[in-house]
Structure formats: structure tokens, C-alpha cells
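Some notes on the structure that comes next.
Lettered A, B, C and D in written order, each chain numbered from 1.
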Amino acid sequence: MTNQNPVFIPGPTNIPEVLRKAVDMPTIDHRSPVFGEILHPALEGVKKVLKTVKGQIFVFPSTGTGGWETAISNTLSPGDKVLATRNGMFSHRWIDMCQRHGLDVQVVTQEWGGGVPADKFEEILTADKEHRIKVVLATHNETATGVKSDIAAVRRALDAAGHPAMLFVDGVSSIGSMDFRMDEWGVDIAVTGSQKGFMLPPGLAIVGVSPKAMEATETAKLPRTFFDIRDMAKGYANNGYPYTPPVGLLNGLNLSTRMLLDEGLENVFARHHRIAEGVRQAIAAWGMQLCALRPELYSDSVSAIRVPEGFDANLVVSHALEAYGIAFGTGLGDVAGKVFRIGHLGSLTDVMALSGIATAEMVMADLGLPVALGSGVAAAQEHYRQSAAALKKAA
Amino acid sequence: MTNQNPVFIPGPTNIPEVLRKAVDMPTIDHRSPVFGEILHPALEGVKKVLKTVKGQIFVFPSTGTGGWETAISNTLSPGDKVLATRNGMFSHRWIDMCQRHGLDVQVVTQEWGGGVPADKFEEILTADKEHRIKVVLATHNETATGVKSDIAAVRRALDAAGHPAMLFVDGVSSIGSMDFRMDEWGVDIAVTGSQKGFMLPPGLAIVGVSPKAMEATETAKLPRTFFDIRDMAKGYANNGYPYTPPVGLLNGLNLSTRMLLDEGLENVFARHHRIAEGVRQAIAAWGMQLCALRPELYSDSVSAIRVPEGFDANLVVSHALEAYGIAFGTGLGDVAGKVFRIGHLGSLTDVMALSGIATAEMVMADLGLPVALGSGVAAAQEHYRQSAAALKKAA
Amino acid sequence: MTNQNPVFIPGPTNIPEVLRKAVDMPTIDHRSPVFGEILHPALEGVKKVLKTVKGQIFVFPSTGTGGWETAISNTLSPGDKVLATRNGMFSHRWIDMCQRHGLDVQVVTQEWGGGVPADKFEEILTADKEHRIKVVLATHNETATGVKSDIAAVRRALDAAGHPAMLFVDGVSSIGSMDFRMDEWGVDIAVTGSQKGFMLPPGLAIVGVSPKAMEATETAKLPRTFFDIRDMAKGYANNGYPYTPPVGLLNGLNLSTRMLLDEGLENVFARHHRIAEGVRQAIAAWGMQLCALRPELYSDSVSAIRVPEGFDANLVVSHALEAYGIAFGTGLGDVAGKVFRIGHLGSLTDVMALSGIATAEMVMADLGLPVALGSGVAAAQEHYRQSAAALKKAA
Amino acid sequence: MTNQNPVFIPGPTNIPEVLRKAVDMPTIDHRSPVFGEILHPALEGVKKVLKTVKGQIFVFPSTGTGGWETAISNTLSPGDKVLATRNGMFSHRWIDMCQRHGLDVQVVTQEWGGGVPADKFEEILTADKEHRIKVVLATHNETATGVKSDIAAVRRALDAAGHPAMLFVDGVSSIGSMDFRMDEWGVDIAVTGSQKGFMLPPGLAIVGVSPKAMEATETAKLPRTFFDIRDMAKGYANNGYPYTPPVGLLNGLNLSTRMLLDEGLENVFARHHRIAEGVRQAIAAWGMQLCALRPELYSDSVSAIRVPEGFDANLVVSHALEAYGIAFGTGLGDVAGKVFRIGHLGSLTDVMALSGIATAEMVMADLGLPVALGSGVAAAQEHYRQSAAALKKAA
């Protein structure tokens, strides 16, 4: 069923041994006090990872998509206006969801590879004198393009416009891998899942909710029951859930957050940056370009690599799987066929990253792309060596 | 974290070793062909367990509650009328969900302990000449009261009334444990979860959808994205999901359905009946009554046991946990404090059942209830002995 | 592969979840420092469980039988004389091993069901003026007969005789379940395995060696390499083994000893006594006798139950397995067919014990033995209830 | 506890997921028929892997070292003469064991890096007119030097000399990875363990015994009990062991042999050769030498790499672990400090091998050795690409 190769998709990530064991629990009674001892530390752990003191955490047996639906269905009413940009597949999907829920989405067009256009947002928000815009949606890390946007800048845009709209952020592929500051950035709802920075199997939507967003639940008219955070809040207050909780995954989340916090969030982010930088050095050595347009947009959890015009990037992914048993990510949506993606988040070492880079080289050589074997590996090795030595010196 | 005692809650059930191992998978690429080899056999297996040829199966990373929401949000529009009875906590909750989604629910009051009133339904349906009722909701097994309703009779009621309403059935705590005939009974949507008859951890909503219900998705106006079965159907056609699938649980579902089908569904149901009957013999020997009003309503997956007037049934549950590390189910809703529940579904042997019965005796004796130690055990032993011998003879 | 029923054999025992996970390790480099961090705490933990400060611990990838061979081959030379009693299958086998290794064994005949005859030993030792006897062998707990012998009395016999012979004790089915005091009793070599009181899978011989026995290794002429404790000692000094160590089992041993010590050894012993006493109350209620001749010989880890004359006890064991999927122990050697055994050591709760007792009742009733269903269960329940209440009061 | 990097020690190897799960079994009754269903197929599977029809298989809870002791103690008597060569650490240790068991070992000196000197053996055997030599010992694969010897040639030497001595072969690090033909080569005892080609955790000594060697057990006078193959044979005949069997590991062995046989032994060997050849290409690209003196001696399970004169090879191993969390093998005995070793056996893919090669490059660069980053990787990539394409073509 597995060949023990790591995966290089941008999530679900490689699951550390201890997390697999934490998730693989025998059945306990989820109405017994034992459950509370799993649930509450998990929620507290997530709060710290989100860097929020004021927010409340809600965890649903679902996925990030369910987290998006939680965000909008608990706080908005049909016809409500939201502002968003479409700069990749995941922002596209969130916009689509809003539209299907009867929301009025003002979409700012953006090149795929670009980030959330905070300046455009500021203009629009400033122009919205009647404050019809209820929510600004932002995707912190566009998994499809490997683009990390500047959420602090979006907050500054809201503030500069003096606009009371809430700020909802999709942090599915950033939280736990790259810095995320819910309180400092004034994020009203942050959405993530279990299968990325938390290094767990898929199956959890994890949502952080500000007091302001909690208030909005009182007037929101979109129907919701499964994703109703007020029901969930009542459940938590009684050490329970409004339905059967995913006990094993919550047990894993409890341990996962402890692991991240024990390592130190800044160390976790630095570790991701180091691994990502090695991958980027390899890409540069191959003479290839990232989909992300500018260095400040480069994601530390996933790199989307543009292939030469006329070449089908999907071949890289399919050949890697067939010939070497390695999973890379395909391009999605507007960049389908134009990019392939290397995920480098979660439990991934420099050594494992090198095996991914080496495989990409073999694959591209097999497919006739002008990539010299060992060239990207050498560039990444150089980076990993230097940074390993620097880490050692620091310690 | 566990004392190796079995649990006696009516789900999540004790998870067989092989299913725990099937769920505990390393990460695979869910966009690779490997995923399809897990997904499709799992869906096919569920079809057979539901005894449907015509229906389509959809599995969401969610719970039974999410399955209810899937059923109504994909097929109905705000203001649509549904007919239901409230005869326990779970039927109550489904009704509540409908109301929160803006549906017009006609509720037939029913004593908790009674079943779905097919005769009343027939009257109402017959009177509904304009066919305003779009859906009839029925809870096959009320987990709160240990009552199994006659779904075939509900179908006969619809047919006798010549009424075109769809029939949606909550089979969460029956499917995989008691006979369920989706096609024969004309069920339009059947809902269950992973953590009961399928003996898996919680985390999956499993939904069977008839062609008629599939058609209804085209006109239904309730908003849905996460639970949209059309998106899901498109995903399946491409061996994928519209979002990250719960691969491990699906792998478990694949194996679980194979286990049930290899054993033979009729044998599975007979096994559940045998274990349940032993529990009921014990209850009778204690001189106690079930919540279920009549023998034909007795559930083979859970027994709710009435305690003497004035005694708090919750004490049985809390004392069992504290003194003996055994989890029974509390009473819920209208029967809170009046019943305690013994779950006897899934991977449970006669030997394990006897340990639950023996514990209940100790607990009740500790709490001063007039139960003779060993009395229920002896009655159950007699039943298990006889039926074991009969099984052997038959084999 | 398993029906989730507990086993009631006198070892290997039911393995707690956390220990299974501790054993199930990915490969590490056993020559790296990580291994020392597993090995040394495991050895220290075993020392505490053996209640020795002076002794050294050696752990071989082997079984208790290998532990016996370790004891004799490291300390004795061909022709050396040892004193032993044969009061069950395991003492018989150790004697046989000595003879096959060319030792001169003086065997004191003893009824199976009796203990080590300390008084006879004293006579013989006193008479051995030339101190030809080098070692006295004693089986602390005869697993075949459920007899616990008084090792302190054997030490007193040696002391009273002023005899310098070493005292080697088989504690395979006592250590970790019943009190064992290596230093206080002057035990020179204590032998056990992983699969009994330590609740691990089989695969380890665990041996405690006094300074006096260590000295004897210098002159002992029996050949040994695999079991040579001097090689092993050198390995340990370098954080290693003379060959590939069983890393996972050692990791389990590390955790197992921590669990026992965290619970408190006296609590562990009291827990075993409580469970055993319930089983004995059941046996008495059935009107049956233990193989152990007198109460002070009753073992807290296993009970061997005599069946009526003319009845084949093996039928109990085979029928239990076939009809109910429950494993009891057969009679061995001289008591084959005359007794069956219920193991009650390791990770076993009162609730699990009751399921074993209930099964034994069904089995005996099926086989026509005059046992009233529920009678033994009721007696055990009464004991467990009372003692649970007493425990609660104490806490 | 683990960073998910593969290990590159020459065993224990990376354990495939399915084998870890097969080993991690709940307790079963090892005296029940279920055990026989695990044991016998495992023994049969080993026979096929050893390519023997006439031989019998014995599996002890032990290690390869215990397998050596099994071989000699069951077939020889004190003073018996054996012929051996010392060409590495493991042949050295087997000789040492023989001497400690009172055997008279004629040692043929051989350079470390050389193979078993079949021609010298032939001379000696021819000269031994009185047939005092009872056994010829040969190490098929010297794990310390990465040298595979020609066992067929040793057999030819025996035949040419017309000598009746038995042939005992240490196949610990060859069996299951490189071709081994017990019957064709006239091997009388073959020894291996669980933790190399069988890809299991350590804990099993696996021994194949020819009819001639079985006969020798009748007259052999070396004492043995734990390792007595006659006791073991009696046990197997009754579906049991003479002591507690390592059930989980045997369950793993059963599955492991099935996996090897399903893949096809020749495919398994070709796979090992392909991976090994990539490592050797990398070594050549680095401008370094193997310890093995000639290509026909190159092992497909481990490569020992000579470092430049004056450089301490142990630094490679310790720095790899500290800086990159990767385990290589140190040099042992005569080549300590002169070589480091890369294990490439068991469950190892080309991709994983590349990560080991890349790490070795970083380590050597860090330590100032004149190795160009990416150079070995590129050579190995070229080999893996070509051979992957060839495999695809063939399939």
C-alpha cells in the first residue's frame, strides 16, 4: 500500500509516527470526562498556534472547505456583500461557495501568481461609504500558486478605509507552517484543516472566531446546523459536541499543537523557510521560474513551478508517480498544465526534500526538459549545509 | 488512555483490530489512481450493505448529522413541507435541523418508546391531496430509546396514500446491524455514519440517494456547498473528491463493508439479534423494563432500560464509569434520568456482552437497586449457550 | 484475526494499548545514542521492579527459558551440583535443562500443587558439609499449578544451613504481578520474561544478577556466547549490545516499568490480588478446588482448577475456544487433563475477569459439569464490589 | 522519536508499513490452532526463500548470533574441528564463538575486503585425509566489508576434495536480498535473522537445516536447550514451540515471505542490485573506493566505502546523525575508522537511496573531503533513470 517514499503534495502531509499513534485510538465514551481532557487542551493549543487570545476555536469533523462554510454561514445573510480576490483555485472556490450561498461577491481580478491586492481592497473599501461590504475574504496562502499574501496589509487597508467589515482568512496551507497572527492582524475568522501544518490526517475543519464574528452569528440568517458554532460552543461548555466528535483526530490535534508549541512557533516557521528555500535554490539552478510573481509572495509551504511554454506540466506529476512512486501536485484551474507543485510543509526534513528534488530532476530529464541531473540537488545541498551549520552555531 | 474494557455505548462501537489498522494509513496522494482503488470499492460495498442497486452512495467527512443536512439541503427549498414524528432525541434533532433550514415540518407527536406511526402518516398523506409534503422523515432506529421502527410500513403508508413524497430514513444506528432494504422499502435517502454498524471511528457521513432524490437536487434551493452531492458525484467520476477526502476512513470503510459482506448480512443481523436478546434476557431477569413499548420495537443495536421511578438513571452511568471503568449510555432528552442504555452493536461478542451485564449488576447493587448479582448474567448465559449450540448445529 | 475478547492464559497477557504502540517502533540506528536513552532507563526500571539495588540487569532477545540458560551457563561448570524441587512443569523443565547441560541435579520430589520445600532444602543443605551444592533453584510461581512458593523461606533455609550456594529464582510468572524482593531475599539470579507481568509481547529474557553471581561468571566453564552476560555487560557500557538488540521490545520495557512504578508496586500487587481473589471466590462458589494445596500457596497470577475425577479438563479449554472464542490454559505434565487454568495477570480488570468467569460457567454447563450459571459470577461480583468500594474509600 | 528519514544502516532495515502492522498483534493463545496457521506458512515461506526443498526451518526468538550458536551447538562436540576464514567482523565473531564453545578452528587468514578463499579451502580439505574437519564455515555476505562470497565455489571445493564436512553459511545480510540456493549449493545450515532481507524488526534467528545436519544433532555433545532443534521440531509437529513463541514476529515473517515470493525472488534480487548499483555509481563519481576488493565481491545489500588515509571514517557517521539525522554504518574491527557503510537492503527505493547519497555528499563536504555536491547524486540518478526505463520496457 505504500513504498515508504515521502509525499510532496501540498497536503495532506507526511504524518509523524507519534501523530499517527495519537489518532489511532480505541473507542472511548465521548460523553465521559476523558473526552474533555482531550478536547480542551486541543482547543487551547490551536489558540496559541493562531496567536489569538481573544478568539474562540471550533473544530468540526470536516475539511477546510467546511471551515469556509462555517465562516460564512454563521455570520452572513443571503444578499450580504463580500469582497474577495480570485488569485488561485482556492480563492476561486471560496468565492464560488459564497455565490452559491446567495452572497453578493465583489471579485477583484488578479493574476494567478499575484497576492491579495491590499491596495485595490483599500480603494474599494474606502469607496464603500455605506459599509455594504460585510466581509473581506483573503487566502493567506494560495496552495494552487504557491503565493503567500500579506494579511497585515489587508488589515491596514481595512483600517485605512475606516471600514468595519470583518476579515476572514483561509489559512489552510499556512497555519502551523508560516507566521499567522490572528489578533494582531485583526482576523475575524481564520480557517484551517488538520492535514497541513498540523500534520494530521484530513478530517478536521479548524476555525478561529473573533468576538466580533461571534456577535455576527446572532443576526446571520444563512441556514446552518452541522456547522453552527453556537451549538458547538454549547457542546464545548459541557465537554462535548452536538454530535459524535472525531475523538482520535482531536487527540492528534492535542498532541500536534503541543509538538509545534514545544518546538517553538518561530522555530517551526524557520524550519519551513529553510526547507522551502532549498527547494527554491534548486528551481533557480534548473533555470525555472516560480508561479509566484515576486519573492515576497513565495510560500514556505508549497512551490508551484512553471514549465516551459508548450510543455504539459501534468506529465511531470504522472511520470513521477509511475516511474518513481513520488507524488507531486498538479496545477489547478488557470494554471493547470502550466505548473507542477512541490509541497514542502509539515514533517519534512532537508534529507527528504533532497529526495524530492532529485526525483523532479530525473523526471524532467526523462521527459526531455533541459535540466542537468544533480544541479538542483547541489544548489539545495549547499543551502542546507550552510543553514545546518548556522543552526548548529546558534544552538 | 484505555483500560482495555469494551465500551457499551450505542456507538461509536468497539473497533476491530483490522479496521483500526486499515484506517491508520500513511499519507497517499488522494489525486493519484490509488485513491480510486480505495474509494470505488468502498462505495460499492456500502451499496450492498444498504441493499440498493439503483441508489448512489456519497460519503462526506462529517457525521450522521451532516448526513441529515446533506439529505435535506440537496433536495428541498425553503418553505418546503416535510412530515416527521418525534419519538426520541435523534428524530427530535432532525426535525430541529429542518426548522432551522426554513422547512415547514409537520410533526406527529409520539410517545418516546413508540415507533414511527405509519398509520398516522398514512392518514396525513392521504389528506394531503395537493402533495405539499415533499419528504417523509423516519428514524429507523431511535438510539435514544432503543426503538426500531417499521420502515416497510412507512413505505406502505406512502403507497396506500398514493403520495409522491420522498422517504428519507435515518439509519445511523441500524445500518450494518439490522436489516435495511433501501430499494425494497423505496427509501429515497438513507443516512448513516462510520461509527456504528461499520465499526469505524467517527468521521464519515454515509448517504444513499435514490434516482428520484438525485433529480430533486436539480431544483432544490437550500444552499449547500460542502454537502453538495452533485459536486461529490463529479468528484467521484474523476476518482476524487471536491476537497480533501478522508482517505484512511474510506480505506476502513472499504474493508468494513467487505467484512460485513463476507460474513453475510443475514449472519450479521442474526449475530446482533443473538447478542441483543441475551441483554434483554438479563433485563427481564432483573425485573426491569425496556423503554421500547413492544417487542416488535426492540432494537438489536441498543437497549434503553427504565429505572424505577424516583431513581436517577444517570447515576448508573456515572458510577459504572467511576467504579468499573465501563461506559454505558445516558438517557437523552425526554427520557434523561429515566433510562440508561446498553449499546450492543458492532464488534461485540457474547463474552463481552456478559461483562457489560455483570457490570450493570454490580452498579445497580452498589446503588441500592433490587437486582440480584448474577441473575441477569445467568439468564444471558442460558441464552448464549443455547444459541451457540444451535449455531454450531446449523454449521 | 482477533475477536477482541481478552485472553485468560497465564501469559502472554493482554497487552495495553500504550505498550503495543511503544513496541511498534520504526527502525532506529541501534548504534546511535538514541538507543542508550531507551536501554538504560529500561534496565533501571527493571531493577526497581525486582527490588534490587546491588543487582545488574541483562535483557536478551529470547524468552524465560533463555533466561534459565543464561543463569546456569554463566555461573556453572559441567558436573556442578544444583538442588531443586520438581513441583510443576516449569520447575521440571529447568531441571531437565540443567541435566542436559551436564549438571548434577539433586531433585526433591514434591507433589504438584505443593510449593518449594524449604525445610527439606534446609536439611539437605545442612548435610552438604563440603558445599558441593553450588546453586539452589526455586520457581517462585509455578505457572502450571498456580502455586506461589515462599522464596524468603528458601533464603532462610540457606542461611540456617550456613550454606554458600547461590539462589536462582524463576520469577517468570510472578515478577511484576506479585511481590519479589531480590536483595532482601538474597536472590542471586532472578529470571523473567517480557510477556507476563511486564504485559509485553514475548521476546525478552530478563535476568537480574547479584554481585556474587557476577563473580561466578569468571570461573564458570559451561560454554555460552549468545547468553554471555560479560559480553552483554560490555555492550551496555557502550550503550549497545553484542548483537542486534530488540529495540522495540526494549522501548516497551522502558514504558512498562515506568507504568508499574508510577502505579506503585504495592498497588500493582494489590490489584493482582484483588482480581485473583474474585476468581477464587468464583471457583469456591462452583464447589471446585484449586490445584494449589493451601491458601498460602495461592498464586495471584494464575489459578489451576481441578476438575472432577474422570472428566477431561482439556475439554474445558477446547470448548471455550471453539464455542466462545476464549482462551484458558490447559493442564501441563502431571496435571494434564486434571486441571484447567485461568490466567489473571497483567492488564486485566475486574470487568474482564468477570467475562472469563462467566465463560467458564457456560463451558462447564455445556460439558455437563454441575455448575450453576451465574453462581461464580455472583461470588466474584460481590468481591469486586466490596473491594472497589474499599479502594474508593482509601483513595 | 523519529524524523521519518529512512535509515541507511545495513540492517535492521526500514520496515514496510504492512509488516509493522503484521508484527503488532494483540495477544492470541499460542497453544490454540490459530498459531499453527501462522507458524507453518511462515516456515514454508522461509524454505522457498532459502531455495530448499530438503531442508527444515527453525525459527528462534533470538538473533543471527543465536542462529550461529544453534548451528554449532546442535551438530558438534567439544574438540571438533571446523574450517573458517576471517575476512570481516562477522566471520571473526563466529570463529570466536566456536572457540568459546571448545571447537578447534582452523582459520585461514584473509584480507578484509576479500572473500571466502575457496581455493585455499580446497587445498586444506584435500589435505585433511582423515576428515577431521567436521564443518566449513562461510559468511555469504560480510556486512562489515560489503563483500559477497561465492558459496557455490566453496561447495565445489568440498566436492573437489571429496570431503564430507558440512557447510554452514551465515546468510544474515544476504538472504532475501541476494540469491541464496541452499539445496543447489549443498548448504547444511543456513543462518539468518528477521531484520535484514525479511524487513522485520530484530528478534528472530532463522535457521535452515539439511537432513545431514539433522542427523548430526543425534551425536553432537555440545550442550543446548534453548537452541535445541530437536525440541523445536517436536514443538512444530504439535503446532507449538517448546516455550513461548514470538507470535507477532512470526506473523510478520509469514507476510514477509509472501511479499518476497509474490514479488518473485529474482525480481527482489534485481531490485537490490539496481539500488546498490546506483550507490556504487555515486561512490565512483566521488572518486572513492569500496572496501570490497573486486567487482565480483560487491555486495548488493551494503557498501563499505574507504575514506582517504588519515581521515576518520567515524566522523562521517557521527556528523550525518548530528547534522542531518541520517544513520550510516560505522566501520567495525580491522576497518574501524577506515570505512563507513551505506546499507541498501530491504524496503528501499531509488528515491530513498538518492536521499542517502545526497546526505553523504553534504556530510563529506562539511568534513572537508573533496567531494563535489551533486556529483554522486547525478551518477546515481543516471543509473536509476536508465534502469527504470529498462524495467518499464520489460514490463
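Some notes on this structure:
Convention: a contact is a pair of C-beta atoms (placed from the backbone, for glycine too) under 8 Å apart; a residue touches a chain by one contact, two chains touch by 3 or more.
Because the structure is predicted, anything quoted here is derived from the model rather than measured.
Interface residue usage between subunit A and subunit B, two copies of one sequence, is largely shared: over half of the residue numbers at the contact are used by both copies. Using the average of C-alpha coordinates as each chain's centre, A ends up farthest from subunit C. Each chain gets a centre from the mean of its Cα atoms; for subunit B and subunit D, those two points are 54 Å apart. Distance between chain centres (mean CA atoms), subunit A to subunit B: 35 Å. The mean-CA centres of subunit B and subunit C are about 46 angstrom from one another, to the nearest whole unit. Residue numbers of subunit D whose C-beta contacts span two or more other chains: 1-2, 14, 17, 26.
For subunit B in complex with subunit D, the residues that touch the partner chain are 17, 21, 26.
Within the complex formed with subunit A, the residues of subunit D that make contact are 1-6, 14, 16-18, 322-326, 347, 349-352, 354-355, 358-359, 361-362, 365-366, 372-375, 377-378, 381-382, 384-385, 388-389, 392.
Contacts from subunit B toward subunit A in the complex involve residues 1-2, 7, 9, 11-15, 20, 23-32, 61-66, 68-69, 73, 78, 96-97, 100-102, 193, 195, 201-203, 222-228, 242-249, 321, 327, 329-330.
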